[in-house]
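Structures given as structure tokens follow.
What follows is a pair of complexes built around subunit A, which joins subunit B in one and subunit C in the other.
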Partner chain A sequence: MMATQPTGVPAGLARAGVAARQALSPSALGPLAALLLACVFFSLRSDRFLTGGNLSLVVQQVMVVGTLAIGQTMVILSAGIDLSNGAVMAFGNIVLTKLAVDSGLNVYLAIALGLLACGAFGALNGTLVTAIRLPPFIVTLGTLSIAFALTHIYSNEQTVSGLPSQLTWLGNTFRLGQTDITYGSVLMIGLFGLTWYVLSQTAAGRHLYAVGNSPEAARLSGIRTRRVLLSVYTVAGLIYGIAALLLVSRTGVGDPNAGQTDNLDSITAVVLGGTSLFGGRGSVIGTLIGALIVGVIRNGLQLIGTKSIYQTLITGILVILAVAVDQVARRRQP
Partner chain B sequence: MSGAARTARGTRRSPRPSRARGSWRLAAVLAVSGALVLTTAACGKSDSASGGGSGGQVVVGLITKTETNPFFVKMKEGAEKEAQAKGAKLLTAAGKFDGDNASQVTAIENMVAAGAKGILITPSDTKAIIPAIQKARAKGVLVIALDTPTDPQSAVDALFATNNFTAGELIGKYAKAVEGAKAVKIATLDLAPGITVGVLRHNGFLSGFGAASVDANASDQVTAPSVVCSQDTAGDQAKGQTAMENCLQRDPGINLVYTINEPAALGAYTALKAAGKEKDVLIVSVDGGCTGVQAVKDGKIAATSQQYPLKMAARGVDAVVDYAKNGTKATGYTDTGVTLISNTPAAGVDSKDVAFGEANCWG
Partner chain C sequence: MTAAAGEATTVRPDVVFEARQVTKRYGHVTALDGCDFELRAGEVVAVVGDNGAGKSTLIKALSGAVVPDEGEILIDGRPARFHSPLDARRHGIETVYQDLAVAPALDIASNLFLGRELRRAGPLGRWLRLLDKRAMRREAERHMNELQIGLRSMTNAVEDLSGGQRQGVAVARAAAFASRLVIMDEPTAALGVRESGQVLDLIRRIRDRGLPVILISHNMPQVFEVADRIHIQRLGRRVAMVSPAERTMSEVVAIMTGALPGTEQAAPADLEPPAEPAP
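Entry: the complex of A and B
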């Protein structure tokens, strides 16, 4: 880090200050303003919006796509894209529920195997991108269909219900003052914090940004680009597995039809958060803000009684605005 | 954040004066004003049946499978009309595709948060939606299933629906009366695996035709020796056409086609016409939408079982308003009726003609 620390200020505090400033990287400021504005707008139009219960609800609703978007952010930062994340998550949610219910495996073993299954898909994506040098768009387009088919074949189109309570534990709530908060929401926020830390405060994160910015320059500076890319896709896969567990805790069933449009929703969250689709620029905190924008708009419009189709319209326009703003800012930044 | 990255970028571009702050202000203003303008515009178009302060107004929620299927569009219209008549506020939502459970779960939560006293829902996944419905009912919200029963049916307070098994039986009996003792080769164009509506209509048809012995309690689609081809269509016209083409390839001798709904039937007709077989094959369907009744009039579909989504929606709204005003909960199953519509009546099977169909059609 390049910040010079003023004398007399405790080093730890100064470091925290720098880290806080970095958390809100420039690319996330615009989205944050948009999110705050949307919140103000809906709280003026409906007195039910700004209640603890409602805000907790928004976070719960954003939880699954938000977690998918963490993995998507990492992949997009590496100048790639992952179209398969929704389908991989669906596969993971069927694997872990079927193993726990139909095969009677120990619940934690079932969860671990579900995570492994998703990680395996991630590793497959990464291998195809690095070893066979196929474009990520094509690779993940293919694994999307493969994961979708495997999900439907393994589940035999049946929803898995009657889940043991440990699987849905993340959906349980605890009280904070007047509000019920689910453990899953806390896990998602924690995951965002952990990812932000790794991406912005560790060497591995620096390498990812470098590879996304310019793979050639990164390679020439001694970064093992193929290893970075492979680990990005694999870690993203594991994160999709966590999203599968969160999905199961939220809906209470294993659903083979889950996640079919979540790949595009996760890309929307990443783009709205100010991350550049060309790689190397952006922040995972921006993604959290982007996901919250979508959640707030959907929840807010429902509260004031607007037809839900306008939510889709507004989201589409916001995405274009966000990319346009990103382009304008890119041209001006040195 | 971008220590290393900035250095890498700096070597690739010529240095420029740092106007980063100014451009971020611009970006923020753009994003913010854009969001404001759009949300204001959208709010200008919100359902104005409610107007401003809701005070003691009853809030009713309607959640359909999709926004686009004309059946659900008509259901929404019926609900809106009834809500206006009763002075209630209607909130609507839908899934993104048939089978989208997650969006319906989110919609239930948001509507309960918005103060809905009752929620009417056509569940996309009849099992997966149960936990969300139970959470809503635990908060004192009346939940009524429309058109599609949940699995189990008791998970909701009440069900207002067509008897889909009867709907299938009627067209099965009609087909049997027309075909008589002739040897038939049946193609069934179904909905999608595991959906109760599709299972009931399919089994009802085979039972009414006499090809299989099955009742309304069966949870899986049955087959019969005379059924030579079964394909899924998701109730979509294009997929119905593809399904019919594939079936014809499998067995060109198909002479009786059961279809899950009229869009699928129209797709089947297109495929049969392209193969030159449209005069030799009998197509039967379910729904009774105005487009479907027109198809019966034009001779494309021989007979269709008409159902009444407007009635389902209106009764649903009434039930919620009653619950809000006097606390009377609707319970059990209310059959909203089904009528066989055909221009060529068959002996021994009750049917109404196209004029009746057109007077009562929806869409």
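Entry: the complex of A and C
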């Protein structure tokens, strides 16, 4: 042991360096540069941008889409796509608020059932993709409509209000130095960390990458590809349930019309984060960066007094840029 | 099976892997029609045959990718049933596929251990499922060195390698985990001349380490270069088992295409019509 590896601080540093490089796979370096560039630009243009309070606000603003994008990352890494996640989240958000308020269920039971409802939608997506082998695009286009319709039928088009305080607890803040941080932001960051760990440090993560990159090679290596896909969609569904809870904590109501464009926003975050839509390449840390890029641009433009529609314009350009970079990189391959 | 077949096992103790009267039908198409197969310890057997002779179905049956309708497969004289490639793997049979069955975006070590990842010892591995990436890199390096595959960095993505190097990774994976035999399905089909030569060297090295190899190939010069015996497949059956020292390439091709009659006489059962399923 002693002879083969250096000990002490340098080795520790080297290991930390390796870990950092692994966490920031090459695909996330471009997005990170873009994020830093945007931050530098806005901090030069506005004194208020680079304050703890404002940065905390940015994280808070991206926490719902960011959480959805965690599930979306897993699905896209498996070479799929999930169009249903915004609608599934809206369904979960109505289920858990209505059960807690209108049905008078125990709050925690209501939350559990809301998560379960989203997980069930994920399992439905996964079952249709694996058992009937339908394309994920079509499957989730269908479940998008189904979840949307169920949300409106169950809610009777009514917004659920008067929520018990436990339901919005994640919107509460604690102080860190001078900065107020919501528990929801911490939950989102924690979920990103957990997902990073599973995807990059466990065999389950390896298998997901392999299934997305080359399903045939994965199958021939003895990986049960269908089981991997089914669990990807199911876990993604549960994560959408957590997003539903975060949504409730942000809005303070159960809104049947929430999250209608969040599916596309979550795909935007994933793509901006350098994850390939062809599957098997990318990282969830990239997705966090991608979500933050959108948040920073929106926030920064507001601070310097530009119309928010320009954020949409810039995001669109960045998405095309990100996909173009991915394509060119892939064409370079033999 | 018949009593004769049972006796045959006892007089050929060096046969490590055997298929008897294997039949596989796809609808009205009979891909394998009472096909026999035999592999002895420490040899390279090449399987040759024209397109549609049932080569790939035979290999799939031997590697567990298809389940035969009839017939049996014996490992060291004992019957074995494969319901999936995993079953064959559990018996120490590893297969290298022609289409380079590696995941291009994953690195060499990850591909080598794909589906068989090593976890850290202790609670980190048991409870947190933490991969032991360092051990996998080290082991991968060791296997690469053993087979003299000139790959240094185990963290390079497989897609950055040449075709020959990729196939080297696939072969090394098979050799690393096979305890009984290695099946190679057209391992040089996608490769150039020099790279094919490297793969043939690998086949010899694997055999010299004591693992018998089944090689499926279209390439007659390669077959004659590396095989100890040649299994000639025609119309869903083995029609001859020949030694490359005793036959010329054109004779083998002639038997393959039916221009010359087969010489099958290894087992008496081969001369009879396909066996009825046992009652």
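Note that the second predicted complex is superposed on the first by the 313 of 334 C-alpha atoms of A that agree within 3 Å, B and C clash if a C-alpha of one lies under 4 Å from a C-alpha of the other, contacts with A are read in each partner's own complex, and residues count from 1 in each chain.
Everything below uses one rule, namely that a contact is a pair of C-beta atoms (placed from the backbone, for glycine too) under 8 Å apart; a residue touches a chain by one contact, two chains touch by 3 or more.
Predicted, not measured: the structure shown is a model, and the values here were computed from it.
**Student:** With both complexes superposed on chain A, which partner does A:204 reach: first (subunit B), second (subunit C), both or neither?
**Tutor:** Second partner only, subunit C.
**Student:** Under the stated touch criterion, which partner chain does A:213 make contact with: subunit B (first), subunit C (second), both, or neither?
**Tutor:** Touch status of A:213: both partners.
**Student:** Using the superposition on chain A described above, determine whether A:222 touches subunit B (first), subunit C (second), both, or neither.
**Tutor:** In the superposed model, A:222 contacts subunit C only, not subunit B.
**Student:** Could you tell me if A:29 is touching subunit B, subunit C, both of them or neither one (first, second, both, neither)?
**Tutor:** A:29 sits against subunit B, while subunit C stays out of touch.
**Student:** Could you look at A:299 and tell me whether it touches subunit B, subunit C, both or neither (first, second, both, neither)?
**Tutor:** First partner only.
**Student:** Should A:280 be classified as contacting the first partner (subunit B), the second (subunit C), both, or neither?
**Tutor:** After superposing on A, A:280 lies in contact with both subunit B and subunit C.
**Student:** Taking the superposition as given, does A:178 touch the first partner, subunit B, the second, subunit C, both, or neither?
**Tutor:** neither
**Student:** A:165 contacts which: subunit B (first), subunit C (second), both, neither?
**Tutor:** A:165: touches no partner chain.
**Student:** On the superposed three-chain arrangement, identify whether subunit B or subunit C touches more subunit A residues.
**Tutor:** The larger set of subunit A residues in touch belongs to B.
**Student:** Same subunit A residues contacting subunit B and subunit C, which ones?
**Tutor:** 206, 209-210, 213-214, 217, 280-281, 333-334
**Student:** Going by the contact rule set out above, which residues of subunit C touch subunit A in the complex?
**Tutor:** Touching subunit A from subunit C are residues 85-86, 89, 95, 97, 99, 101-106, 110-111, 114-117, 119, 128-131, 159.
**Student:** Can you name the residues of subunit A that touch subunit B in the complex?
**Tutor:** Touch list, subunit A to subunit B: 1-2, 22, 25-26, 29-31, 33-34, 37-38, 41, 45-46, 48, 53-54, 57, 60-61, 64, 157-159, 161, 200, 206, 209-210, 213-214, 217, 247, 250-253, 255, 257-261, 280-281, 283, 297-311, 313-314, 317-318, 321-322, 324-325, 328-329, 332-334.
**Student:** Which residues of subunit A touch subunit C in their complex?
**Tutor:** So the residues of subunit A touching subunit C come out as 197, 201-204, 206-207, 209-210, 213-214, 216-218, 220-223, 280-281, 333-334.
**Student:** Quick one: in the complex, what on subunit B touches subunit A?
**Tutor:** Answer in residue numbers: 1-6, 8-10, 12-13, 15-20, 22-24, 26-28, 30-32, 34-36, 38-40, 42-43, 45-47, 50, 67, 89-94, 96-97, 99-102, 105-107, 109-111, 113-115, 124-125, 127-128, 130-132, 192-194.
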